[in-house]
Structure formats: structure tokens, C-alpha cells
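One chain, chain A, appears in both complexes that follow, with chain B as partner in the first and chain C in the second.
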Partner chain A sequence: MKFTSKLAFAASALALSVSAAWADSGEISVGMALEPPHLDPTSAAAGAIDQVLYANVFQGLTRFASDGSIIPGLAESWTISDDGLTYVFQLRHGVKFHDGTDFDASHVVFSLDRARAEDSTNAQKALFADIASVKTGDHYSVIVTLSKPNGSLLFNLAWGDAVIVSPESIDTIKEKPIGTGPFRFVEWVKGDRIELERTPDYSWGDQVALDKVTFRFISDPTAAFAAVMSEDVDVFPVFPAPENLAQFDADPRFQVLVGSTEGETILSTNNKLPPLDDVRVRKAIAHAIDRKAIIDGAMFGFGTPIGTHFAPHNPAYLDLTGNSAYDPEMSKSLLAEAGLADGFTTTLKLPPPSYARRGGEIIAAQLREVGINVEISNLEWAQWLEQVFRGKDFGLTIVSHTEPMDIGIYARPDYYFQYDNPEFQALITELNAEAKADKRTELLHKAQTMISEDYVNGYLFQLAATGVANAKLQGLWVNAPTQATDLTGVSWAE
Partner chain B sequence: MLRYSLKRFLSLLISLLVASIVIFVVIEIVPGDPATYMLGINAQEDTIAALREELGLNASKLERYWNWLSGMMVGDFGTSYTYRSPVNELIGDRIWVSLPLALIALTLSTAIAFPIGIIAASRRGSVTDMSVMGATQLGVAIPNFWFAMILVLIFAINLRWFASGGFPGWDEGVFAGLKALTLPAIALALPQASILARVMRTSLLDTLSEDFVRTARAKGLSKAKALRRHALRNALIPVLTIIGLQFSFMLAGAIIIENVFYLPGLGRLIFQSISQRDLIVVESVVMLLVFAVVLVNFFVDLTYALVDPRLRGRQ
Partner chain C sequence: MSLTTAPPRKPSLLRTITSSLNLTLGLFIIVVFFGGALISLVWTPFDVASLDIPNKLKAPGLPHLMGTDHFGRDVFSMILVGARTSIAVAVVAVGIGMGLGVPLGLAAAVRPGSFMDELIMRGNDLVFAFPALLIAIMITAVFGPGAVNAILAIGIFNIPVFARLSRGAALSLWTRDFVLSARVAGKGAVRISYEHILPNILNLLIVQGTIQFSLGILAEAGLSYVGLGAQPPIPSWGRMLAESQTMISFAPHLALFPGLAIVFTVLGLNLMGDGLRDILDPKIRRER
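And then the complex of A and B:
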């Protein structure tokens, strides 16, 4: 099985020729609500790190394209053995790190071994769990051997947590990241901005149009609005206040970018806490929720209703919203069936994002209609992680699971919503080992249906990617298949 | 005087020690683990354990308190959990935004408040007094973040005279730095100026009715001269106290203004550190602010003694 990257190259070359006529100013200023805590994408979960560095400064063996597909990165091509256990990656030649070191197979071995090491602090260590060994073939090839087949390996290697780093840069990577990407790191003024510039002798990938990129950190939604309006920032890829988007849309100076993300926003339910351990009660909750009202009220209309834990833009998606259609009468009779005709009381613990805080108020009101009384408490992220996520001390909570293709979390019985179904666990094991696309789709359909019919969580909506940009900017990602601001194809129109 | 100073100094040390204990205890009992926060929801237990070890979070609380305290004594605040760089550096970078901002705002607020307060007091009951005091009433009532947004709307979005926020850094030149701090300083200064002007007016009116002012007038001084030579100086004491309080407020309390103008100052550093559970940064910045306030009080105490001989004699 051999994959050549010609097609992907053709596509990106096309994108480049459209943007070839960029304006004289090759500078861009990007607004972001959160500042990265440090600049090592391989040792923190903070999406803000990838949002600055992914594809711009750091590259992995494979990478995400804007439609979510996996295309070659530092690996030019690869072959997979028939038993699915051995992957041989052919690396790109002539690649240099920003400090001038030549990139070769040893860097890949170092990076992957570091990520899966005993004392690794990689936030997504599970991505590498099935790798048994990583060895150099020759100077430009790497042999990855798995302990069991894993159909998601190429996908896993595209994550920001799997980018290739150089051993010499590790000690200072958190302050001064050195990668192989088309932009290199210049300066970080903490609390204010990060500056990147075009890598001078970049010759191993598509040429970029921008000379200089400045990421500015603006956490306050009002300040973000002012920064865009005064054109102090050219693009705000994840704009923090959806209520302002209509105003930008009406202004010819700006374009509003609405796409899809990997964020399944769910009413997470503690499957071990009575009465929520009763599937009839969870089903009653699912039918008591009016998704459209939540999307309109909490998200200003941005978002797609979901009926299971899967992204609607994925080709393997199955529309199961019918399983939890809005039907308060049915909810009431289900509750009565479960012996809770008078309703019950539980907690709803909300993390800071507005989808949770605003959505929580609406859900509380809807649940009250069928006799379920929820006590809302607002938590900070650190508290949420401690109480809800690790402590499992909650009845309901609302959270957006932004990791791509994360249906596998339902196979972890100790995961915070505590869904323990051996049948589902077997299904995921089978899926992980399966490499054939059509068989995988079939298994994914089964998995989606199973959690939908078990009403593990209340499935609310897929978080929309809502950004705003200067009308003259082209080549920006509209969808967000991973948290990234890929500027490699971005340019100014005449 | 020496004995008095020593006593004040001892009380300064005790205050700092007590403050360090209170800060450490309060911040350590806040729920939330920095390592869990940083690694997010897909992290494995062994990864979290590895990071906790790396950050030194597995040491006992007493040990951590001692490390922090002994480090501070030699000017080392430790290493930030999230940024992984020395807290000294973080504070060092930020203070060059917060300190100038507080100083400019303070200068501005004093420059506005003094003349207004004096004019209002000397023309008590006149139309000028009423309208100026009405305006300061409004100034006190308007929240500074709202005022900041209005400034941005007018001067950044409509007129485009200033950027809507951010700080280019002093490397870009003094002018660029001052320009970036202008709107925030005005937003910070005006409400404070209103308070100060009102205090100035009241204090001046109080002194104007004192016997010594009447004596000065009887001696043949004009109203204006009596005010300038005798009343003003005596009226300054409560005003200076307020200015001292306002300075610490502007240094530490500019969190909201720094957010509206996205300035990389101390306020935003604390704000970010609290939400990320970067405990050591929060502890150190709060400690630093306490130190600044205690130090200012120490000098104020000394100045009192210099000004008022009665304090020196008291045992």
C-alpha cells in the first residue's frame, strides 16, 4: 500500500496560484483569546500552543488539511505491512530545523520515543500507546512497529502533540521553539504577543506568502471586538463573542468565517450516580432538551445539533438526532416509568466557556419543565478538572470535547462520565485494529448508534468555528479539524 | 527617632511574615491542581504524576512554603508552573508596564484634582462649585472599565488616533510606549481624580474654617493668600493619604483596565495565573504588592515622625 502525495501537492499548488498575487504588505496580525502557557506542543494540553505553532513552526510526519483529511508532512510517503504492524515512513530530503541542523530519521526516533517515554509529560500519551518501537531504517526512513494493529496511527501522528522536535532544542523549547516549519519563532513578549517570520531558506514544502506574523493575546471579548473594528488585528480565528458576528458580517471591511470544529458539546452525565444510572432517566433528559433553543439562545444560532458523540462533517457520521428528539411528554412518562413521577434533583456543574454557562441556564429551564430540578454551580476550569473530571463529583455538566475522533473515550470505564459497557469496549478494540476504510465506517456507525441508544450523555451540538477576518485575506482555514491557525496558505488579495 | 524607626521596621518584618503565611495558606487551599490543568482531559495518570514530580508539587506543603520563603529572602521567587520561566523575569517584564501606567495615572489624577478641588472650595456654593462637584459625582459613579470602552470607541475605532490596546514595549521608543499608555491612564485616572477632587475640597473647607486661617485673615491677608499660604498646606495631609492609597490601587487594581486594553501588566499576570493555577506566580505577585504597600506605609510612618515631633517623643 503506497501513498504518494502528488494529489495533495496539486491541491495546495492550486491554492497557491490563486493567492500568488499577494499585496505588498506580507504581514498579518492574528488575534487570540488565550495565550499559550509555554511553547512546547508536546507537553501540554493547551490548545493555544497549537494555535500559534501547528503547521507554522512545527511539523509532524503527517498533518491535518483544512477539511480534516490526513496529508503528508515531514514523511513524504509510507508503506504499511499486510498485518498492519509495521509502518515504514520515507522522509522528505533537504529539511532543516530553524537552527540550521539537518533533519533526518534520528529526529523522528527521538521525538516519538520522548513522547511515549516513562517520564513523558505528553498530554496525549495515549496516541502512542500501541507503538512498540521506533527505529531508523536508513538516513531518511523510519520504521514504526506496533504491538497491535492501529488504524488511527497516521491520524494520531498528525496531532500537534506528535510534531518532530530536535534534541538540541529541548532544554529551551518552552521559551524558544525550534521546528522545521515555513515560519520561525522570533519573539514572545509575554502577555502581549508572539512574533514569527518566514523561514529564510525554506525549500521543502509549499512557499508561503506572508513575511511576518504577529499573534496578539486579547482575552476580553469587548477588547477583541475593538481590536477587529479598529483593524489592529487582521484576523480573529476563534472570535470570543458570537453575538458580534452579525455586525462584522454587515461591514464590507470584514468577512465572517463559519465552519465546523471537532467539538462535540455534550450534557455529560454521571452514569454511576443514581438516578442517572437508569437509562430511562437519561433518555428522559435527552427528550427534555430542545437543541434548537440552546443553539439559538446560547450560541446565537451557530452550531449543528448532534444525536451522538461524532462530528457531523465526518464522512462516517450517522444522523441520530431522532433518538433524542424534543418531546417533554415522553420525558415525563419515562420518568414515571422509572418511579420518578415527581421528578428529582441533581447538580449541574458548569465550566467557564459561554456555551456551558449560557447553555446551562437554558437546559436547567428545560429540565424543570419535566420535573427535573438542577442546582447550577459555576466552576473555574481548574476546579472543574478537580471536582468533575477527576473527582467525578457531579450529576450533570456541559463540556465540549474538542479532540478529533474521540469516540474511544466511551470505552474507558474510569472516564469521568463512567460509561461501562463491555460490548462497546470490544467494539472499539476491533475498530482500533481495523485499517480498511469501509469496515471502519461500519464499526463507527455501530459505535455511534450504541452510545446514542444508551443515552450515555445528552448530545447537544457540534461547536461551530466562528472567526472574523479582514475581507482581503484569503486562504484561511474555515473549519477547525484540530486547534490550529495554519497560515501556510494565507495571503493578502490585491 | 532611632528607636521609633527600629520599632516601625520590626513591625514591617512581622507584617511581611504574617502576610506570607496568609497568602500561602489561602492560595494553597484553593481547589485545582496545576499539573491537571496543564495536561487537560486526555492526560493519563502517569503523565500527571510525572509532571507533578517535575514541578516539585509532591513536596510537603511546609517544605514548599519554606522553599518559597527562603528563596524570596535572596530575591528568588521560584519558577512559574505554566510559563516555566523564573517568576522574577515575569514580574520584571510586567512591572515596566504597570508601574509607568500607575505613575502616569496618578500624576494625571493629581493634576486634575488639585485645581478643581481648590477652585470648588474657594468658591463654595457658587455655580462653578456646583457644576464641578456635579461632574465629579458623575466621575465617581462611572465604572472605569465602561469609561475605558467609551474611550476605545471614540479614539481607537472612530478617530483612529490610538491603537485599541496592546503595548509595543519600551524598545520601540518612549513615545510609542507613552502613546499606548495614554488611554488606559486616562481611564484609570479620571474616576480617581473625581474622588481626590472631592477630598481636596472637603479638607480645604475644613481648614478654611479653622482659627489659624481666621487669624491670618485678621492679620490682613487676602482670602486667596490665606488659602495659599496657610490653609492649603494643612489641608494636604488627608489628600496625601488618599494619594498613597490610590497608588497601590492603581498598581494592583488595574486588572480590569489591563484586560480592556490588553496590556501585559501585573494585573493581567495575576488574572491569568489564578485561572491557570500557577500558584507560585500568584503567591509571589501578591507578596510583592503587599511588600510595596507595607514599604510605602513604613516610609509614611517615618515621614509622619519627621513632620510631627510629638510622635517621636511618644514611647
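And then the complex of A and C:
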């Protein structure tokens, strides 16, 4: 008797361990440096929200593919009228929200009307500015009418800020997001992790391989390094310390994913603050900066130099780095021309990411070489948003603008760097109304050149997407065309 | 057997100092530390403000004795200049603590239990109740990070230390005969405190000052470590440690040298404080 019970125990223990190993193969733990403030992607600018929920929990009419192209999402297909003013979207059938509600055209009308409403808290309301009305055609079609042609509507609707939400669950979305995606929300332990699981009976898109996803929030780079090394997290899509990547690369357990992002990292300049309001002074700063030293020193070689506010992997990109080549002698003569031969003093306020803190020290040293004395102060994000972004109380700052195709911010004179050029504003208005691809490219070239030659900001480098993952994981995004951790195509290799 | 005894020789100052191993060792370390800081005023092997990125993360060797950091700056030069930062912060902070704390303590001791005594000492308790780092974070949160605010923060938490020490010591002195005779001679409380009490508690203050100095250096390193101390590009040991964290696996020298600098300086100051107490504290001196 005793013997058999022992045997039975051993057998059940074996069975347990086998099932644990089997379940393990469908689980993944994702490391993130920043925790989302809440879980409503349609009412905050925080990229961390999209990094958890985009494509996983929430879907939009269209979506970004891993290469940045726009592919159908909840809209199966669409037709555009000849005047470019009317879009008719055909929706997927049989889609259900995670709470069991059937998805139909009324949800699209609700979501888009909510995003573009007068009192909307959507962080990217400009995306919806040209929409005149959104109406249901029939149960599964939606008619979007524009007030003027907008060539980037499909692109705009792919943003995380334009995902489809349901009126039934909107009141609790910040704590318990209900979407239509292949993963559904399970639990959020604040300060620690967010858990997602595969949506049962998900039948309206490609099947996913993972059963369970845990997003873990690890802000300290040293802790992040330890978590990856000990294989506590399987993937860290935006690893906070570039200096550790070489080490991961040399370790056969890991793969390092280096791709492009939409993050133009710039030395933002207060265009209204003397003497920085003088274009000669801004030009002097631009020529005093050695981009290579910054990329090597602050990013350990990860990053592509840029000469304007535009992503180098975009087909419409112009390489304008020549406008601001490293030339300290020219800087000095420009400063002398502006009546500042003895240099001047200004502030450099730096947010927490290492590209800013380290880049700031390097830029300070480079500006000192030409006689510009910058006083560095390191700020936390909240302080930075308060003082620099909203208060406009700064001379210089370094920040990465991670929104895709965001050159339009230069047409907003009240934006924090306060570039006010009516010519540029007219150009962007013309661009937004233009739907023809070649004409758009031409206008984009013009816009890039204009801000480059006005030396609005110091253009440093395009942030690289530097991720690290378990070598056995496949299907991860290498590039980051939008802020997202799309896990729908991710699986463990056998 | 001879009963004649040699007249007792007064030990020379040098002998007194060298008789205490603690003091010798402590003094040696501190002289090196101050010497390095002084030399850095006029000369450092490399300029700590200019970056040399192609030569980053070099291991210790020649010409970079302690290697280079992630910007290619010479770690040895940064340690020297960092010593200067540490000393400047600690000296001024201890100065603030002594300058305000000692008069407060002496004033409180004049009439123990009086309203003034209560006011001063309860105020001190209030400051003392806050952890030093919390005061520092509070000050830097209000006035912004920087060396000056770090000095203020560390100085403020030094005030109650000196106030308590001087009040306690002064209380026992006020009952002594020589103070009584001074009072009879018509001297006022301020004059007695200054002329009779202060000289007699000076040895205690010096010992405590040494200890607080080492705590000040630690506090400065701690504040810089969390980013609230001296701001870049001024080198600071605490910030060097903080910056080395993610590179410790492939460039351990970046953490090792500032870490050792802090350890040895604090150790040296504590040894010196111990040794000074052995010499200066009357109670211990008598027992010898």
C-alpha cells in the first residue's frame, strides 16, 4: 500500500511538472521601464499605455504593421470617394469585446465622436481635426466625411489614440480596459505588473501563440539588467541602458534587436528667449555639436544622425546633416557676428532618460568649447513637463519626440520651443490638404529644409529601438513605427 | 635596586600623536586626501571638463592611472576634483552646524528648563526627528538640486548635533566653581559662555566636528548618488558611483575607485576622530 501511494505521488508530481513546463511555453514576461498612469489609450499622451495595450488589447479601424505600413484592423476594407472627402469602412463581422458585447458600427461612431468631441481629453485631437461627421451606414459599415481632403486619415486612424472602445465599459476603462484584441486584461498590480491572457474564442484575426503575457515595470537600469540576465523577463523591448547591449549580444541566451524608432532626439531650443531668438546664435549652437561624439558617448553607438525633424527610414527623408556639420570655428565667428564674441550663459534642463542626461553632459562640454556656458539641471519627468513643456521656462533641453510624422508640431507657435513662422504654418496646411504622394513628398522636403535652415532646434540623432530578448523568442517587432509592444505574432521557437 | 626616579618627562606633541595608532593612520589618510584636493586646485593629470569619447572606458593603466569613464574622462583626475567637492561641502556644512548649533546649545544651557531652553531644544528635536536625507530632499525639491543646496541641507542636520553636545557639556560646567567665581566677579552669561564654557568644551567639539565631517562626506555622496548634490559637470564621488552602476559588469574600475575613495576618507576621519578623543577627552586622558 505504502509503496503504491508513493508511486502515485511521484507520478502526480511528474504530471504536475510536465504541465508546468507545457504551460510555460505559452507565457512571456515583458520588461518595461515606465508604468502607465492608467489604461485608457484614448485619453493620455503616455506612451507606456500603448506599449502595453496597442494591438494586444485594443484595436483600431486600421493599424501599423511592424514595417510602419498601414494595414486593415477592425475595418476589413474601405473605399474613398473621388473628391477624397468620404471614406466608407466595411467592418469585420463576428467581433466581440472582451465583456461579450458584439462589435458593430455604433462602436466606431461612439469612439471617434468621443475622441474628437469638444470636451475630449484625447492627447492627439489634431488627428481627428478634419473629420466633419461619422455615421453608421449599416450594421457593419461606417461613413466618415471630412471637411477637407486629408491624405493621412488612414494613418491617423491607426494611432493608439484612435482605437475603438465601447460605451458599455468606458467608465471603468482606466482600471479595467475592455477591447477587441487577441489578449484580454486580467490584472494590474500597481507598481509591479500588468497581466494579460489570450482572449478565448478569438476568431476575427490571426490566432496568437501566447497564452499569458505579464508586463513588468522595472525603472532602474541596473535592476533591468539583472532581470534580463536572470531570465526573469523574456523580453525588454526598450532596454534603458545601451551600454549593456554588447554584453547581451555576446551571450547566446539572448538576442539584441536594433531597429529604428520615430524618436527624433533634438536639442530643443527656446526660440523666444534671447539670445536664442537670433538664428545666428542657433546656427552657432548647431555647428558646435559633434553628433558622432554624442551617439558614441551617450548611446554607445546606437542612433542615426539627423539634420532635421524627420525619421531617416521614411522614404521622404532628406539628409540635411550638412547644414549643421561640426565646425566650432564657424560657431565662434557666428557668435561674434551676433555680438556675442565672449559667449553667453543659458540653461540646459534635462529629463531622466540616459540619452538626455548623458547627451546633455556631452553637449555642455561641446558648447563650452565655443564659449557658450550652459548650466545643467537634471529634472524628473513631472518637473520637466511642468517647467519646460508647459511653463516654457528653459533655454535648452534634450528630448526625443517619439510620435510618428510629427513635423507638424513646428506649425504650432505655442508649442514649447515656440517656433513661429507663418510660411511654415502655410506649408503644413497645404500638406495636410494634399493627398497625392509625390506632391506630399515634395512638400515634406520643403518643410524639412525650412526648419533645418532656420536652425529651430539642434537636430541630434534618431533614437534606435534597442531591445533585448530571449534568443528563442520569434516574431518581435524590430523597428518601432509607433509606441507598441505587438505580441500578436510572437511565439517561442521549439 | 635604585629608588631614584627620573623626573617625569612631559610627552612631546609628536610623541602623543604617534602613540595613538588610530590618529597616525587617520591623519595620514586625511593628509593624502586633503593633499589631493589641494593639488587638484592647480593641476590635475587630465582636464575633467573636456570629454574624449574615442578613449572611453579604458581600463586602469598608463596614462590613465584609474582608467577612463564612459565619456573618456580620466577617473583619477575626477577623484581628485571630487575630493575637493566633498571637502568643500563637508567643511561648509560642519561650519554651519557649529556656527549655529554651538551658540544655540550654549544659550540653552544658561538657564536649563527655561522657556528659551525648551524652545531651542524642542526646535532641535524637530529637526533631528527628520532623517538627514529627507531634509536634503526637501530642500533640493524646493530650491532645486545643486552643491549649495546640498551644503545647506547637510548643514541644517548638523545644527542639532552640535546644539545638544554643547548644551550637555555646558550644563555640567555651569555648576563648577570657576564659573561661580566668574559670576561673582560680575560677568554676564554671554561672557561666561564665551570666555569660560566654550574653551572647556572645545575638545569635544573638535572630536564631534571630525565625526560630522565624515558624515558630511557620506551625505554629500548619498545626495549626489540620487542626483541632488553637485550637478554635472562638477565631478562628485556619489554621482560617479551612480553613473557606474550599469557598467559595473564590464568596467568595474568606474565603481571601485570612487567607492574606495569614500571608504578610505570616511575611515580616515573616523580613526582621526577616535584618536583625537583619546588625546583630548579629559576623562580618557586621566585614566592613562
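Everything below uses one rule, namely that the second predicted complex is superposed on the first by the 470 of 494 C-alpha atoms of A that agree within 3 Å, B and C clash if a C-alpha of one lies under 4 Å from a C-alpha of the other, contacts with A are read in each partner's own complex, and residues count from 1 in each chain.
Operating definition for what follows: a residue touches a chain if its C-beta (ideal position, glycine included) is under 8 Å from a C-beta of that chain, and two chains touch if they have at least 3 such contacts.
Here the structure is a predicted model, which is why all the values come from computation and not from measurement.
Novice: Taking chain A as the common reference, can chain B and chain C both be placed on it without clashing, or not? Answer clash or fit.
Specialist: fit
Novice: Which partner, chain B or chain C, is in contact with more residues of chain A?
Specialist: The partner with more contacted residues on chain A is B.
Novice: So, does A:Asp232 touch the first partner chain B, the second partner chain C, both, or neither?
Specialist: After superposing on A, A:Asp232 lies in contact with chain B but is clear of chain C.
Novice: State whether A:Ile376 touches chain B only (first), chain C only (second), both chains, or neither.
Specialist: The answer is second: A:Ile376 touches chain C but not chain B.
Novice: When the two structures are overlaid on chain A, which partner does A:Met450 contact: first (chain B), second (chain C), both, or neither?
Specialist: A:Met450 contacts neither chain B nor chain C.
Novice: Between chain B and chain C, whom does A:Leu273 touch in the aligned arrangement: first, second, both, or neither?
Specialist: A:Leu273 contacts neither chain B nor chain C.
Novice: Check the residue A:Ser120 against both partner chains and state whether it touches chain B (first), chain C (second), both, or neither.
Specialist: first
Novice: Of the two partner chains, chain B (first) and chain C (second), which one does A:Gly191 touch, if any: first, second, both, or neither?
Specialist: In the superposition, A:Gly191 touches chain B alone.
Novice: With the two structures laid over each other on chain A, which partner does A:Ala241 touch: chain B (first), chain C (second), both, or neither?
Specialist: A:Ala241 contacts chain C only, not chain B.
Novice: So in the superposed three-chain picture, is A:Asp296 touching just chain B, just chain C, both, or none of them (first/second/both/neither)?
Specialist: So A:Asp296 only meets chain C here.
Novice: Output check: A:Ala364 vs chain B and chain C. Expected answer is one of first, second, both, neither. What do you get?
Specialist: Second partner only, chain C.
Novice: On the combined arrangement from the superposition, state the nearest Cα-Cα distance between chain B and chain C in Å.
Specialist: Shortest inter-chain C-alpha distance (chain B to chain C): 7 Å.
Novice: Residue by residue on chain A, keep only those touching chain B in one complex and chain C in the other, then list them.
Specialist: Common interface on chain A, chain B vs chain C: 222.
Novice: How about chain C: which of its residues touch chain A in the complex?
Specialist: 49-51, 53-54, 56, 70-72, 144-146, 227, 231-233, 245-250
Novice: Residue numbers of chain A touching chain C in their complex, please.
Specialist: 221-222, 225, 241, 243-244, 246-247, 293, 296-297, 358, 360-362, 364-366, 368-369, 375-378
Novice: For the complex, which residues does chain A have touching chain B?
Specialist: Residue positions touching the partner: 35, 37-38, 43-46, 118-126, 174-175, 189-193, 216-220, 222-223, 226-227, 229-230, 232, 352, 380-383, 385-387, 389-390, 401, 403, 406, 416.
Novice: Note which residues of chain B are touching chain A in the complex, please.
Specialist: Residues in contact with chain A: 31-34, 36-44, 46-47, 50-51, 53-54, 82-85, 90, 93-94, 149, 152-153, 156-157, 160, 163-167, 169, 259-265, 268-269, 272, 275-278.
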